[in-house]
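In what follows, structures are represented as structure tokens.
Across the two complexes that follow, subunit A remains constant while its partner is subunit B and subsequently subunit C.
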Partner chain A sequence: MPDSVHVSTQFDEDLARLRTHVLHMGGLVETQIAASIEACISGEVDRVRAIVDTDRKINDLEKAIDDDCAHIIARRQPIASDLRLILGISKIVTDLERSGDEAKKIAKGVRRIHEAGTLPKQYGIGIRHLAEAALSMVHQALDAFARMDGALALNVIRADVEVDVEFKSIIRQLITHMMEDPRTITTSIDIMAIARAIERIGDHAKNISEQVVYVVDGRDIRYDKGAIK
Partner chain B sequence: MQRALTYGVLTALVALSLGYFGEAWMGWVLFYIGLSVHLGMHYRNFSRLERWSRKPVLDASLEGDGEWDRVFRRLYRHEKELLEKIGQRERDFARLIAAVHAMNDGVVLLDGGFRIQFCNQAAERQLGLRSATDRGAPIVDRVRHPSFVDYLGKRDFSRRLVLRLERYFERVLAIELMAYAEDCWLLQVADITQTDRLDSMRRDFVANVSHELRTPLTVLSGFVETLQEMEVDAEARQRYVHIMGEQSQRMQSIVEDLLRLSSIESAPPPPDQPVDMARLIDKLHRDAEALSGGRHRIVLDSEGQGNLLGSESELVSALANLVSNAVRYTPSGGTITLIWRVSAAGAEFAVQDTGIGIEPEHIPRLTERFYRVDRGRSRSAGGTGLGLAIAKHCLSRHQATLEITSTPGAGSRFAANFPAGRVTGG
Partner chain C sequence: MPDSVHVSTQFDEDLARLRTHVLHMGGLVETQIAASIEACISGEVDRVRAIVDTDRKINDLEKAIDDDCAHIIARRQPIASDLRLILGISKIVTDLERSGDEAKKIAKGVRRIHEAGTLPKQYGIGIRHLAEAALSMVHQALDAFARMDGALALNVIRADVEVDVEFKSIIRQLITHMMEDPRTITTSIDIMAIARAIERIGDHAKNISEQVVYVVDGRDIRYDKGAIK
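So, the complex of A and B:
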């Protein structure tokens, strides 16, 4: 840990292993999101099954990590930054798991859309932009956690606004589309669900970053707009 | 040593003689003072050495008296040699590190637990590492791609890992892990995005060629089978043979285009022979009218005098392709304008039509081999899918560029721009 030295190196190893597990889970979630977006744009419905299967692995990891956190608290009684790290991790894995769920939702939406027809071309670019922004938020949030970099975490939180703007513009586009031609409503609702899921992924990345700031600085900046600036 | 000994003996002798001839205590006092002076001198030198040893820098002021001076000088020389050696090593080391940083391939050095010990700039770029903060961190904390984590976990490094980071950086990386020294690992990262793209282009090309040839071949063999197995009357036979002729003609033109493309690719640069453009454009004009068969209005708009330097046959095949495309894709009643302009900046040959136009997303891919905007339409128009690829190739061999602008529904403009160096006075 950056600001304390332990007598017990075993404890250090436990913490390092815990961190690596969280990041491993993060890597899985990232690929899940990327794969679901890839399926959405290319229309390869075969990928959906693999995505749904991998989601189970993520769920198992979440349980295992939570279990480890409880064990460490019970056995080592961590204090100060170590305690913050453990508390932060147990919240971060929840957000990661939910991001994985959103990826699964995207994949299922893709299956629905492509069973009925194809993704209308004009949304491909918008979805891709939105997804790239959200994905880069997740990646940076995990980088910030890996490096314990509070400044990077704050950047991620600021980036969430862009994802929201992008999301709203897709929704506007969808509404106009639906008003012009009511036959597109079914597809539009599916696209909306996908866009919503991507936007939620951005929110989860933001939550992860908030936890990173908490672990690094000990500041709880949730629901506090002034702290971000 | 000798001097110190001489001084000691001399002091003793003087003190002894003073004690023998004068008072005994005077001898002792003298002896004592003499030894004290001696001791004081040693102590002064010793304190110099002591001061220096606390901060052993190259210091020329380290001078001693007598024997000490020699010792000090030897120390000084030794120190200087050491510093020189260290400096040399440091320069060597810095050069080595700079060389590793200059490499195109990423290099990461890992310890036995796969923790990052060192990474070069290429690896920072490729894997998103930061050497300033990532030292000592497990590499799987930074490169979290599941297939990479699995690769390290399996500990089977006999084959390299191909990592697709398409989503983040549109990159394909080949990763190899080698053991070196004792329980140390060298991770080598090569960016194979280009070769990967070439590979997939080659696969696509082979698949496309096979597909393009199979379509007419299927028709052909179907009719052959029919003729072999069924009794057909003369009229039907005539019709079948006609279709078979068309299809074999199609296959032939595909093969011809392929051969032309490959011969252009492997041919030496085009010669600098003047090509009579007035005659060439006149021929293109007549060919266009023949191909159109009176369905279009074909206009010639020529401005300026000048000829091109290059290979006539290549220029003809490039420009004729542009013209015949315009004729094929312009509905009856449309207008096709052949434009030839020569100016100080170079020359331009353009074909402007009032045809169906092309959607913007297709334009960058038009010159790819076998790329078709609309498969059914272009085959019925008799294209091989290679025309624009050949045209672009021929033009680029003449340092010319092909510029395509189009408005869907309103028409397209295909312009070949030749640099001034390729233009000669007419």
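So, the complex of A and C:
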């Protein structure tokens, strides 16, 4: 076998391993978000400990993937789309890890709410709806990454606007509720923090999708509203 | 001149240019944060438009620096500490840009508060104090980057705990205030958003400092509480 083929095969294996690790990390983050939302709706705060434990695994994976990225660049000296893939991954894992942090914040908010009482029913529906939209963004962003599908990534970026609108509507409802009945202030502030964490998860999914577009076709569409029309 | 020296000199110039651009971007972000806090305290909402305009420059710088990082890696095939510098910068600019976003959120909160009335005096002091601590973290993180000073970077990471404590104390005060006088709810929610944005700026400065430690001595100390003792 000629040397260049051999090297190229090893390099392909490196890149395949990196992608697998990112998808594994992404799967953990998705589970983490889904579990924190389930705990929020159901009030089963026992789940919260497991969420905090998974957060450590997610942190370790981020560090391992970043380390792998640096080693692959040093060893393989990638260029063009291979280099974009590695640099994109290095940005993607940051957003995945921070999504995991938001899931942890949701879990902690859930614990506070359920220690003081229960989640008022009228917010269960809104929070679930917001969370489903954000979780679907994360899922599709990871799907776009797995299949290197730039068009799907653009759809995720577009979906972020709806999550932002729903988030603002929940905040407005909460403020009205607090003004009508000041006894609900503490719980409302916790629900607000949960809604904000979900909204941020949507932002991270958007950031991940922007990196997928960069990896796929080399365009950096961040902050470029025209690019997603 | 032998070829290797020539290449190395060009490479050094590339790295020097990158560092200069990061410090320029950092300077804009610092100014942005300081201006948004000044507007918050003084109520001069005219400043808000300038803050939104600077945000575009910061976004453009982030994209230009990221693009430069990719080109330098492809052209120079750096290894060891040179590669760490470039990868570290690619993470640092993300945190700088997101700090700029938080400054924009502060500015928008300021506009809402001052459209409805003025910032209640008792919060001016707390917000200013919190902001000074966070701004000092950003300044020192950039200083640590400029001088590649790992010890200073560790100090910044340690300082984040104090910002978090102060932030939580402001939130508690605001909740008490809202319960005592529900007419303050809307303004209190806006002040809360401003305090949270400042707290996040501290988090970003911490993240930047972690990257400085990585660049300086190759240690990835993220999520490792033992490393900063």
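For this structure, a couple of remarks:
FYI, the second predicted complex is superposed on the first by the 222 of 229 C-alpha atoms of A that agree within 3 Å, B and C clash if a C-alpha of one lies under 4 Å from a C-alpha of the other, contacts with A are read in each partner's own complex, and residues count from 1 in each chain.
Methods note: contacts are C-beta pairs under 8 Å (C-beta built on N, C-alpha and C of every residue); 3 or more make two chains touch, one makes a residue touch a chain.
These figures come from a predicted structure and were not determined experimentally.
If you put the two complexes together on subunit A, you find that subunit B and subunit C both fit without a clash.
By the touch criterion stated above, A:E199 is placed in contact with neither subunit B nor subunit C.
With both structures placed on the common chain, the touch criterion links A:R19 to subunit B but leaves subunit C unconnected. When the shared chain is aligned, subunit C comes close enough to touch A:P182, but subunit B does not.
Look at A:A74: by the touch rule set out above, it reaches subunit C but stays clear of subunit B.
By the touch criterion stated above, A:L142 is placed in contact with subunit B alone, subunit C being left untouched.
Superposition on the shared chain A places subunit B and subunit C such that, viewed from the Cα centre of subunit A, they span 170 degrees in steps of 10. Touching more residues of subunit A than its counterpart among subunit B and subunit C is C. In the superposed model, A:L28 lies in contact with subunit B only, and not with subunit C. Of the two partner chains, subunit C is the only one touched by A:D220; subunit B is not. Put simply, the nearest alpha carbons of subunit B and subunit C end up 22 Å apart when the two models share chain A. When both complexes are aligned on chain A by C-alpha atoms, no subunit A residue touches subunit B in the first and subunit C in the second. Subunit B makes touch with subunit A in their complex at residues 128, 130, 133-134, 137-138, 140-142, 144-146, 149, 166-168.
Per the touch definition, subunit C reaches subunit A in the complex via residues 56, 59, 62-63, 66-67, 69-70, 73-74, 77-80, 83-84, 87, 90-91, 94, 171, 175, 178-179, 182, 185-186, 189, 192, 220, 222-223. Taken in their complex, subunit A has these residues touching subunit B: 16, 19-20, 23-24, 26-28, 30-31, 34, 37-38, 132, 135-136, 139, 142-143, 146-147, 149.
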